[in-house]
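Please read the structure below before turning to the comments.
Think of it as A, B, C and D in the order they're written, each chain with its own count starting at 1.
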Amino acid sequence: MPQSPSLSAAAGPKRPTELLRALFRRNETVLLVCLVALIVFFSFASGTFLTTRNITNVLGQASLAMIAGIGIGVVVLAGEIDVSIGSLVGAVGIPLVVVMNQTGSLELGMAAALLLALGVGVANGYLAAYLGINSLIVTLGTMFVIRGGIYLYTGQRAISDDLQLESFYQMGNGRLLGTVPYPALVALVLLVAFVYLMRHRPFGRQIYAVGGNPEVARLAGYNVKRLKFAAFVICSLLAGISGILLSSRLGSAVHVAGLGFEFQVVAAVVLGGVSLAGGVGSLLGVALGVLILAFLSNGLGMLNIATEWQLVITGLIIIAAVAFDELKRRRQ
Amino acid sequence: AAETPKKIGYVTNYATHEWYQNVIKGMQDRAGQLGIEFEVRDANLDVARMVSAAEDFMAQGVDVLIITPVNEEGAVPLVRRAKEDGVPLVLEGNPVSGMTTMVAICDYDTGYHAGVAAGEYARDKLGGVAKVMNVGLPLLSATVLRSNGFMDGLKTILPDATMVHDLDGGGNPDRSLEVSAAALAQNGDINIIYGINDSSSQGGLQAWKAAGKSQDGLLVVGTGGEGLGFINMMATEPSYQIEAAMFPEKVGFTSIDAAVKLFNNEAVPAHIVSPTTPMVGTDSWKQYYSVEGTTRTINWDTVNAVVPADKCMKTAADL
Amino acid sequence: MSETTQAAKPAPVLGRLAENSQIVLLGLLVLLCIGISLGSPQFYSVENIIAILRQCSLVLIVAAGMTMLLIAAEVDLSVGASLAFSGVVAMDVTNKTGSVALGVLAGILFGGAVGLFNGLVVTRLRVNSLIATIATMMILQGSVFLYSREAVQNKHQQVAFTEISTGYVGPVPIPVIIAAVVFVAAFIVLRYTTIGRYIYAVGANQKAARLSGIRPERLKLLVFVVTGLLTGLAGLILTSLMNAGQPTAGRGFELTVIAAVILGGTSLLGGRGTLIGTLLGVLVLKVIDNGIIILRWDQNLQMVVPGVVIIVATYLDLIRSRANAR
Amino acid sequence: MPADAATAAVVRPAGPALEMAGIGKRFPGVLALENVDLTLEPGKVHALMGENGAGKSTLIKILAGVYQRDAGTVRIGGAEADLRSPRDALRAGIKVVFQEIALISEFTVAENIFLEEYPVNGLGSIRWSTIRKEAAALFARLGFDVDPAAKVGQLPVSQQQMVEIARALAHEARIVVMDEPTSSLTPNEVALLFTVIRRLTGLGIAVLYVTHKLDEVFEIADTVTVLRDGRHISTRPIGAHTHESLIQDMIGRKIDNLFPRERGAARGDVVVKVEGLSTDKLKDVSFEAKAGEVLGFFGLMGAGRTELAKAIVGFDPIRTGRISIGGTPLVPHNTRTGVALGIGLLTEDRKSEGLMLELPVLQNTSLAALEDFARAGFVDEGRERSAVQQFVDRFRVKTPSLNQQIKNLSGGNQQKVLLARWLMRGLKVIVVDEPTRGIDVGAKSEIFALIDRLAGEGLAVIMMTSEMPELLGLSDRIAVMAEGRITAVMDREGATQEAILNAAIA
């Protein structure tokens, strides 16, 4: 695991075979190979898979899980978990659309949405990091509370975007130069930023340390609670961004948006090699995990495979991939 | 003669649900008859997946797209994107603003006519008393319309009819059973159970039975005629006397026809109404369906003879 | 280690109130019951109490297994999907063989087989159980429709089949008796037997347990299978209650079960937990669920209130254990 | 800006570097410290000694900001200090090498060194090249042989301990505290450490040094403070102490002979027979151990003793070779078979392989012997309790009750519980890996007496140890390992320290 990338990279000159082996020990390489294999397979199996349109489509679709996945990645690396993101993704659409309808401003709507996300992040973080309640319990609780709150507030009705703002539509549905969906761009920027943050900023390394061993981190003078708190806030804000983009793709605030999303994302994060025990894994792996699941879903659809088979195949692949990763880890 | 599209893609809400299984069956049969390639993608109740699936179909280059939205508001951008892409779009089940056409039953009317039938039944067999437990689903406007229609229809016969308890059964049998058990315990006077789909009415009825109550003096009204469940219940449960049949196969059949018309730029109404009718009495279903083993077959002659209304009495816009 | 001593000082009153996690929950339960019955006396009707108990029994049966699983530091999220599938199998086999006994057996064994699969994936392939059982949940949700596209009806209207859930022994409904038996058995196993002790040991430190001659894999496999069998049993009861095997049933059931278990004070990290706590957790959740309907509150509160209760109860328990450690 | 303390300029304050006065600390059921005073002078090594559970680590943790004191004052360089968190302590220039290894095992050695403060560039990015270079330079200066690019989790305990020490010295410090820093080090490494400590004191840094090893104290300390049961017993210059007086202060009584030998020379049948054993680490290891003997294994760090111990009890997989216990082959190769055949292992790594931290003393003690208290699978808790109580009394485990969570016991007391875990169960062979690591002299002598008695009762004891006196004092035969092989086996009579070390280097 390349916890200190520059260190492992510069471990001295090696023979090519050794370099290759070292490369393959990296979880990301294996995931990348899987992804490429998947793409090659579907390209041959389906005539409509390998088109710019379809590939960019998938990138756009994957970006929502990717953005949220970065957040979950950070929280899990910090040794915690957040299962409330699915509800949050559904919830942020409400302030977004309500404020937008009232003020006619997308910016104000987004600010309101992010404010809600921030509030949820602060609540989760306070309960889990400062009060010390197990984060699965906390976020399971907030997951119920938020979803129930959505239903209470909306009376289980979607809220439509009355003003039909063009900018709101374009955000989730538009494409840069007609090719790259904007959500994919947002995801890419966030990915690069957070990969840098987690690898090359003390804050990122401290998150790793806190997840790897909170006691040690505390002895090293870290404010463990504050770091974990920060991880929750980051996670919620990213889920908020994901929810804003989803809301744009749906052109409204849909009360059932994001149902089950947390499990999809957690599955992708674990598939990407992040250990639920904390402190192990990388955001690059998370991104690859998300892409693998997204291309799998798209490819199986292109092959006209029924839902029930899709579920079975995806489940088996998750087990196989995680088992393989585990085997590899044990071999070392 | 008109041309037929080569390929139609259908994004469904919940492919594994019996109702949609039969809608798909109707579509497949009709597409097969017309020699059209037909593909289904399932949103599996996930709005984000609904958008992705429609996107994928458009990338794949289908000639016509049919969508049953998971949520109608969430499909608004899809209507626009389909237009931008030049793909004709048929909505099934729920209207979406900006759409060209929709194939759907009239949910309010369906409930209403079942309500009228229930009112007559209650007048004749239940001493004119109607205390209703609604095993509803506030999540969808369609199911809310059904419940409203049912009560309004019921009141045309029995103006004193009341909804004693209005429940959210999640549209699931197990959840319906759970919430019904509580409501039945609280309200000893319930004598009509209305379910917004067959799972809901079944959940309500099973809660009644589990409470050890006799079915004398009870009326159960189901909605949908989705699969085998209602047939079995009508055949075996004395209180299950009315089913508001909605003929999913017919919906599917009509949707494909609408898709073909749209493909040929023919004029289509904004709402193509698919017929529904209350079936009253133990054997009433046999008029429309025959069952062999675990497959049911629709009787097209009788179903096609049910004349749909031109226009719904109430729609989601009235809520 | 030092966390205990670092804890913020809790208000003394809170600390005293929250002397024992079971007392917190018990108090909560009593408060709920009193509150609800003040709002609506029907809460205490025999009918309603039986309805609550019947619902509790479904959850409790599975929660008994889940408690052991969490103590052993594993989890099973596939119980909801397995509940539905095993019910479908039970009904189908009953229909095909005409024998309720065979159907019952098939349903329970199917659940056991799912547990075995989960257990093997977790112990042999070493896949983290959270992710493994999410995968199993997907597999089951898909394959149940490959097995049967429709709800499987009680074709021959076997009364014996419906009796499983609606029958009584004296004044007590059969499912409640089944749940009581399961609960007592699980309680005895966890509290008084070597296997129970080993479950705690494996959850607390797997390596230490292995060094002492315990086979953690076997033990975990066993607990997965037991949880699976119990899920099959609950699925059977649900199917009997529905008089049909519903492939779409059980959605979210896993969360209810896990919520009840953690509400009961079982640690997600393994090595800690009690069945009494789980029992109280189940009762609290189901009384809330029932009470909201009885009181005619907005049913959306059925999500909000348990969410708040889980957090608050866990927090009170935390204060209690910190106060004790003082 | 991190810098090696050994080269940093340190302003030498006039008065004491640290004054702790009237320190009190209470844990539930335990008065860990009561009115304890401690004064550290700059440029001096102050040893802190006492039995297990005397309160040494607690005092250090108060100094490190990990625990909050209940009473007393702390003054650093004359000024009152409020140490509310480790961060405060670090800021005050206090560096601590903790008793439990405190490193992030997923990080590289170099990164661990800079955990407290990453060097960053103007933009706030971590300067990895600086980290790499400075870590390498630091190890070179200290003379420790550790690869800075290695992942800490993959290093043996001894190397991890060196990383810990290096980490404490990487930054400027006024006070350096070491809580049993040498528990896993070889004599060579201890010598290196002492050189470093002398360099530190030369710069005016105050050193607080905790150990259970008397020889070390006499070699390095200037002053000794002894605690007993959380109370201050004595503070004297080292010159005023003899071994006996120190022990007397610590345990309140004398130990005549640390290595009593009650058992006779009689040896029984061969109970452990290992032939041609190979694993990833071990190469063709063969030996026998007889009933009634103590077979000591010596080796330098990484020689393979721990691997051997884990392999012969069935915990780690083996490649080839045969192991038989009491004539029965250990097949299938797992701990269940091992335990059933009567072989058990007291592991080197207490926390991760021995203790069930969240569970009480009772469950921790009876784990391996539980079946003896069970009838038809049901545990007779009354019998279990009284049996455990007997062991707790006999081993003088300091615990308020059997229901105390074991994580709240001191290291030495935890070790006693783990030994009791095995002795409650009738074994033929016990393998003990560093059995007295972190254990006080009093307890040590009890454990030695126990081992002697067990051997006398016919048990075969296989003891992996890095302690030369322990090895020579207790073993009947001595096997020496190097690089996964047994390089020599000698009788106790013929063994000399020199011969053993020669074989260990071979």
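Here is the rule we use: contacts are C-beta pairs under 8 Å (C-beta built on N, C-alpha and C of every residue); 3 or more make two chains touch, one makes a residue touch a chain.
Predicted, not measured: the structure shown is a model, and the values here were computed from it.
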Report back the single chain whose CA centre is most distant from the CA centre of chain B. D
Cα centroid separation, chain C vs chain D, in Å, comes to 43
Which whole number of Å gives the spacing of the CA centres of chain B and chain C? 34
Go ahead and note the Å separation of the Cα centroids belonging to chain B and chain D. 72
Roughly how far is chain A from chain C, going centre to centre by Cα mean, in whole Å? 30
For chain C, write out the residues touching at least two other chains, lowest number first. 1-2, 145, 267, 269, 300
Residue ranges of chain D touching at least 2 other chains are 66
Mind pulling the chain B residues that touch 2 or more other chains? 16
Full set of chain pairs in contact is A-B, A-C, A-D, B-C, C-D
Report the residues of chain A in contact with chain B in the complex, numbered from low to high. 48, 51, 53-54, 57, 60-61, 64, 155-161, 169, 172-173, 246, 248-261, 297-298, 301-302, 304, 306-308, 310
For chain C, which residues count as touching chain B in their complex? 40, 42-43, 45, 47-48, 50-52, 54-55, 145, 148-155, 157, 162, 165-166, 168, 238, 241-244, 246-251, 253, 289-290, 293-294, 296, 299-300
Listed in rising order, chain B residues that touch chain C in their complex are 16-18, 21, 165, 167-168, 172-174, 177-179, 181-187, 199, 202-203, 206-207, 209-212, 227-229, 232, 236, 294
Would you tell me which residues of chain D are touching chain A in their complex? 64, 66, 85-87, 89-91, 96, 98, 102-108, 110-111, 115-116, 118, 120, 124-126, 128-129, 131-132, 148-149, 151
Interfacial residue positions of chain C with respect to chain D in the complex: 1-2, 5-6, 192-195, 197-198, 200-201, 204-205, 207-215, 267, 269, 271-272, 324-326
